[in-house]
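One chain, chain A, appears in both complexes that follow, with chain B as partner in the first and chain C in the second.
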Partner chain A sequence: MSPEQQNNAQAQLPQVDGERPALGRLHQQFPEAILASHSYRGDDTISVAGDSLLPIMQFLRETPELSFETLMDLTAVDYLKMGKSPRFEVVYHLYSLTHNHRLRVKVPLPEDLPEVDSLTSLWKIADWYEREVWDMFGIKFRGHPDLRRLLMYEEFEGHPLRKDYPKSRRQPIVAQRT
Partner chain B sequence: MGVGEFITSKLDHAVGWARKYSIFQYPFITACCGMEYMGVACSHYDIDRFGAGFPRFTPRQSDVLFVVGTISHKMAPVLKTIYEQMCEPKWVVAFGVCTCTGGFYDNYSTVQGIDTVIPVDLYIPGCPPRPESVLDGLMLLQEKIQNQKQEILPKAKWRETQSSVSRLL
Partner chain C sequence: MRVKSETVTETMMLNMGPSHPAMHGVIRIILELDGENVVDSDIEIGYLHRAFEKEAENATYNQVFPYTDRLNYVSPVINNVGYALAVEKLLGIEVTERCKYIRVIMSEISRICDHLTCVGASAMELGAMTAFLYMIKAREFLWELLEQVTGARLTIAYCRVGGVKADLPENFEQEVTERFVEVRKVLNEVHGLLTKNRIFVDRVDGVGVISKEDAISFAFTGPMLRACGIPYDVRRNHPYLTYDQIDFDVPTETTGDCYARYLVRMEEMEQSMRIVEQALRKMPEGPTNVDHAGRIMQPSEMVDAAKVGKTRDMKLVQLELSPNLEGSERQQHQQVNALAKNVVLPAKEDTYGNIEGLMNHFMLIMEGWGIRPPVGEVYQAVEGANGELGFYIVSDGTDKPYRVRVRPPCFAFTAAIPTMIKGGMVADVVPTFGSINMIAGELDR
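Then we have the complex of A and B:
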């Protein structure tokens, strides 16, 4: 992102409001880590740098007025055919049961090093989500206790939801596991 | 025609008749086609009228393997094992377009037709097939069973199979 775009993002800083303070608090707390943010009809989205994901998530979870206890979803997007750079983006959806608010956190990841910190230390559910994203997109999660494929079998080669995985590629059928 | 030949052909006919009206099926149901299978099995269409109303939930007791629903690459080895566990004579029905060709699941996870894994006797296309076409298919299968050569193992061969089975056990 160019400095100009960054300034734009800064200029559109949402106000800290009573109901959904997450974006404002993050901008206050982690000014350098935030790449972009926007809010549309009550839908808050923030894009953060990969190396500060863990402290940001911990902050979101543990600050009492935010308390995002639930990791509702964790997935990834491959922007290969949309010409976006960097190529990958990991998307987290958080929900606070206490305050009934939501937040979407995105982490852009480059093609040559698709790696990000694992959130298993904060949310147990991240375990299988991260395994699924590893399986489908080949994005590695540093510090994951057991990063194996979740849906495909071990002999499967490649990551089928990457946009450069050939649609018609078929892999041999393996023997049954007992 | 000699007397021997006459008897064999009549015996073949009788065995075929018995076999085609006592189809014990093994429903291998993995996806949405299962609903349609239930529709065929229930009283409205009543597959029992064709002597095939008795699903066995073990492959060792069944004659016809109904493969109903999408088969993924992970499921394929299981399907193969089930097929191998069935006793001869056995037939396989591919129920629904997913099992025939993979259907619209032209992707990394779906087997493109179960005939890449096991031999298939009858294909019933449709997504899902109407109960009428299932019954039509069933009657075609009965025709096939009736008209084929009925393999009955001679005693010596039978003993051989028995001993190889007991060796396995």
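Then we have the complex of A and C:
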């Protein structure tokens, strides 16, 4: 990350106040890893660097004031047609049952190496969520025990939710497996 | 003398589904069995994958509604409401008070339908055919109610961005009261048939147990999580619409087994009826049905007048009307739709009666125009019948959503099936699978 980008990220820092404890704590704890943050329409969002995802998630889950016990959702977005760089973003939605608050964590991933650490060691549901994202977007999760396709079949070629996968593309019917 | 240790045993693989009556034809469970015991299992899903998320990227915001009907097709209104709320959050608009109450009422009636189906079907899979027939009868009463409002039974596409398609019909409150009497009767009967029935309880008590920790780790929500003793309910924890003004209980159980889920669902139906009854009482009054001169005008009169070109005074006339598209709907339209001309289609008599309405309508229908939220992203959760139903929408500023992601509640439960059935008997797979209420429409999208 260039110093200029870092300055931009710093400029977007939210006010550390009581209402948004997660953002404030994260900025204190991981000043290097946080690329950007916003609270558009009241949804607290934070962009983090891929290599520090695992420690950040662990911190979010295990800090008593934050305690995000639930990985509510995990998905990805392909920004190819919006011209955003890097191309992919993996989006995590966290929820805390204890404190009743939510947080969105995003990890930008480049087109040539769409890989991020797996969260299967923290949440069991991450297993299936990550399989679905691999299936639909072709994003790899390092350390996932069994990264197979989930919704599509093994012989399917390509990743259908990528923006360069045409909607009308048809694939041949596969022969019955023996 | 018999030497036991020399007996060689090996495990057996068994395919349960997709063509199995208890698997509803849409999921395959590959079981590894040691005799009757489940040693391990793997789940294969995707049989009902229809590329909802891809299709939504190629449709305008309002065109996505029919697709959302097909997510959880037993309670389509809740999907409609969830998606509508997400787009409205993206746009930053709020619907009218009456519309909020209508959405609450319709959602809760759908929730009862969903629970009736779930409890009835899972009881049937255990042999309790009577309970199933009774509950489907009750569901029929409620579906007729939904049909009166929306015009369809299953794929209803009732909500619109910024409002709903139509106002409630006349005598709706009375209809609801009458039908709830019937539904309560059925619920009492089912309580009598199942709740203390030895055959039923033996099959579900202590079966398909999941611990609190596992439930959280698997991101459980809804009745499944409440059966583990965690009172998480989106309607209570993140109130949307008017749930914060309505008094209702969030039932919980502690054991986390199939029986607890059954009890939670049975109680939730009663709570949903309470919510509907309160909402009907609290809902702001509907149309007054008088025009600027204090005179009621029938829609047929208005249509006749318009046919001969007498449209000059029509702009001010408040008309009584069937809430659909036959004749006038302006009065109802204002009651149930947000005041946002860039989002909500104008009332039909405006579209056909004056140039502003026609232009407004045209602008919203034209390709490339329509509803164009600002660039951004939102996540909106509602309490679906199965749990938290979340919509994550990314907008690029055009009239089509850039990305629509659904967080289906039963995805988490299905992922946890191997954990719940491990160590149990083959026969326990059926009640466990029945109790998670897997709806392939939202699971596979």
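Some observations on this one:
Just so we're on the same page, the second predicted complex is superposed on the first by the 158 of 178 C-alpha atoms of A that agree within 3 Å, B and C clash if a C-alpha of one lies under 4 Å from a C-alpha of the other, contacts with A are read in each partner's own complex, and residues count from 1 in each chain.
Quick note on the criterion: contacts are C-beta pairs under 8 Å (C-beta built on N, C-alpha and C of every residue); 3 or more make two chains touch, one makes a residue touch a chain.
Computed from a prediction, not measured in an experiment: that's the story for all the values here.
Aligning the two structures on chain A places chain B and chain C next to each other without any clash. Seen from the Cα centre of chain A, chain B and chain C lie 40° apart once the structures are superposed, a value rounded to the nearest 10.
Residue contacts after overlaying the shared chain place A:167 against chain B and chain C alike. With both structures placed on the common chain, the touch criterion links A:123 to chain C but leaves chain B unconnected.
Of the two partner chains, chain B is the only one that A:176 touches; chain C does not reach it. Applying the stated contact rule after C-alpha superposition, one finds that A:153 touches each of chain B and chain C.
Smallest inter-chain Cα distance, chain B versus chain C, after superposition on the shared chain: 5 Å. In the superposition on chain A, the residues of chain A contacting both chain B and chain C are 151-153, 160, 167. Of all the residues in chain A, the ones that touch chain C in their complex are 40-41, 43, 45, 69-73, 75, 77-78, 81-82, 91, 93, 97, 100, 102, 104, 123-125, 127-128, 136, 150-153, 160-161, 167. The part of chain B that touches chain A in the complex is made up of residues 73-74, 76-78, 80-81, 106-109, 111-112, 116-117. Chain contact summary for the complex, chain C toward chain A: residues 45-46, 49, 51, 53-55, 58, 89-90, 92, 214, 216-219, 221, 230, 232, 237-238, 376-379, 381, 388, 390, 392, 394, 396, 402-403, 405, 407, 411-412, 414-416, 419, 444-445. Note for the complex: chain A touches chain B at residues 151-153, 156, 160, 165, 167-171, 173-177.
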